[in-house]
Amino acid sequence: MTPTVTRITADGIYKQFHVRRVLKGISFTVEKGQSVVITGPNGSGKSTLIKILSGLLRPSKGTVQYFNGNTPRQPTELLPAIGLVSPYLQLYPDLTAKEHLEFFGKMQGISQPFQKGLQLMTQFGLKGREADFMKTYSSGMLQRMKYVLALLHQPAVLFVDEPSANLDEEGKETVYALIREYKHDHIVILATNEPQEIQLGDIRVDVTAQ
Amino acid sequence: MALATFIIGLLNPDTTKALIATSNNEVGQNIYIVLIINLIIWAGIFFFLMSLDQKVKKLNERIQSLFNK
Amino acid sequence: MWTLLRNSILIFRKDFRLEFRSRFALNAIGLFAVISLSAISFSIGALRVKPPILSALLWVVIFFSAMSGLAHIFVREEEQQTADTLRLLTQPVTVFLGKWLFNVILLLALEIVIVPLFVIFLDVSGINWGTFIPVIILGSVALSTISTIIAAIIAQTSNRGALFAVLTFPLAVPVLRSAIQGSWTALEGGGLTACISDLQILFSFSVVIFTASILLFDFIWRR
Amino acid sequence: MRENWWKYLLGVWMAVIIVAAFLFTPTAKGLGQTTRVLYFHVPSAWVTTLAFFISAVFSVLYLMRHQLHYDIRAEAAAQIGLIFAILTTVTGSIWAKEIWHSYWNWDPRETSIFMLLLIYAAYFALRSAIEDPEQRARLAAVYSLLAFATVPFLVFVIPRIYDSLHPDPLINPDRKIHMDVRMLRVFLGSFGAFTVLFYWLFTLRVKVLSLEQHVLRKLEE
């Protein structure tokens, strides 16, 4: 259902905003079954790199390519292969959890999205809140809901920017367990500075490195 | 090419006729004044552009040598 | 292809639902129309206004009402930071189609309110409805097409409110001109054949701008 | 000196045009001495249109290649276009006061140049509202092309508003034949001179804008 991606290569990624250079030539390769952790001080461009890798931003220079085996994926095929959890991806405050699941699920062509979503919501401890509007959710619940929606279509590549943002201890444990398990069959790319989370990555990319 | 025909056109007897015709006109004197004002304005613009051109060129060279050190 | 259409409809339904929960654009655009129509009615008072002026007034009201509400559909996505969520969910074309459909329907719905009020407030009589309705519909489609693509542009800038009308007006001039001409004919009781060239301009304008928007939307939507 | 020969040629050429426009050409019927305005007014209008077209071409190139130097060229062309649009409007308006006894009466030509003026103004209003150069380049290019797509409609719609009083000695093929040879010569010469002037201003502006970008980028490093 979701297109398989076995390798991602980033080659010489540059990005500048206004006249400020944020990324200065980032290159790496990640294979299926591996995870990448992107590190760097605040404002150094971790989120920018995530946005570029997921296709939300165009790099000023350099390329990102997704491969299935040795055949590169076309840019139009990428969206269904990507799941992204991050602080700048917001949910619609005036839609309920159920409506989100149905909207996201139908857009991605998933059959019975609500049943699948319900399982994930149970896993993330959100059971019983399906009919509530997003504006009534706490920030921690919103973060959990973002995981539910990002995982709904079982993406080949999961991006997580600040995995434990707004989460309590229990939530963190759920997320770490999920990432450890998910990277076996997929590619996981994290952006974080927490020592505990850096452990989750097989490849480390420092955005400040030249 | 166009320039050549144009200059030849200017040297035509027609031109002198036109010159005489306009000077006999009642606006004859004023048109010379307007013409001269126009020429002065154009000369001003032209030399201003020329100096701007030189300035930009020099600035470009200086910046290049400054950054390429 | 079918996926594209299905997703556009899904986006349309999502926006429709959101709009009916907050009613932001609906209130803005509806109240603006009512207020400006009554302002005109007040200031004109008992004067019997001739069709050319009536038709110009009508389209000025429609234009500025559109300017007060049609940008909201893109601005909301940026303000609530849901734009990136949507970017990751589907192809750009479907977003444009969904939002375009929403704006067309919003403006047409607005006219269901404006036109009767216009007839009552300004004491209009002798309209040839068979001409008037096609002009209004085609004019609104053309106006919402150009507004939708400009809305997508201004949603990504600062100073959104003021820019929308500034950017839309120069491009909407052919629409306004033909629509005013067409409804003028209709107000004088003229038949469809009398304003066929206005309708042609409105129709071909919509087609050209719609096509250009589909081609250019990618560049606006993908950063 | 050697690479600048065409600039000196332009200097002389324009001076010749000015002299010729005042002394060499006859006056057109009904326009009297104001005929001479046309040799400068019409070429400005031409430069306005040319600049608009060039700006659209570089906008397409920007969207295809995403390189900022195309955006600089699109912006430079639009800036010069705006200046010439203002010059055309003002000179035309003064001339209209003399001949039609009013500065502005929504003649089709007046309407078209006014529309171009509005489009340029909107284009720069848009540019000033975006901070990031890449985003600014992208959105401005899209707007420029949308505007370009609506221009043919203006051409269709505007003449239907009012009948034109505007004399058009060059565009109307019927009158072209009747146009005085001397007038035609000066006219074409002036078009050439204005086009070269546009090219000069354009390259100058491009140089300044790229220098600015270059310096800002280097300073950042």
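When the chains are written out, they are named A, B, C and D in that same order, and each has its own residue count from 1.
The definition used in the following text is that a contact is a pair of C-beta atoms (placed from the backbone, for glycine too) under 8 Å apart; a residue touches a chain by one contact, two chains touch by 3 or more.
In this text, all values refer to a predicted model and were calculated from it rather than measured experimentally.
The chain pair C-D and the chain pair A-D differ in C-beta contact count, and the higher one is C-D.
A straight line joining the Cα centres of chain C and chain D is 32 Å long.
Work out the mean CA point of chain A and of chain B, and you get 64 Å between them.
Mean C-alpha positions place chain A and chain D at a centre distance of 50 Å. The distance from the centre of chain A to the centre of chain C, with each centre set as the mean of the Cα atoms, comes to 37 Å.
Contact of a single residue of chain A with at least two other chains is seen at positions 58. Across the assembly, chain C contributes 223 as residues in contact with two or more other chains.
In chain B, no residue touches two or more other chains. By the definition of touch given earlier, these chain pairs are in contact: A-C, A-D, B-D, C-D. Contact residues of chain D toward chain B in the complex are 4, 7, 10-11, 13-16, 18-20, 22-26, 33, 182, 185, 188-189, 192, 200-201, 204, 207-208, 211, 214-215, 218. Across the complex, chain C meets chain D through its residues 146, 149-150, 153-154, 156-159, 163, 166-167, 169-171, 173-174, 177-178, 181, 197, 201, 204-205, 208-209, 212-213, 216, 219-220, 223.
By the touch criterion stated above, chain C contacts chain A in their complex at residues 3, 6-7, 10, 14, 17-18, 21-22, 80-82, 84-85, 87-91, 222-223. On the chain D side of its complex with chain A, the touching residues are 66, 131-134, 216-217, 219-221. Chain A meets chain D in the complex at residues 16-21, 58, 60.
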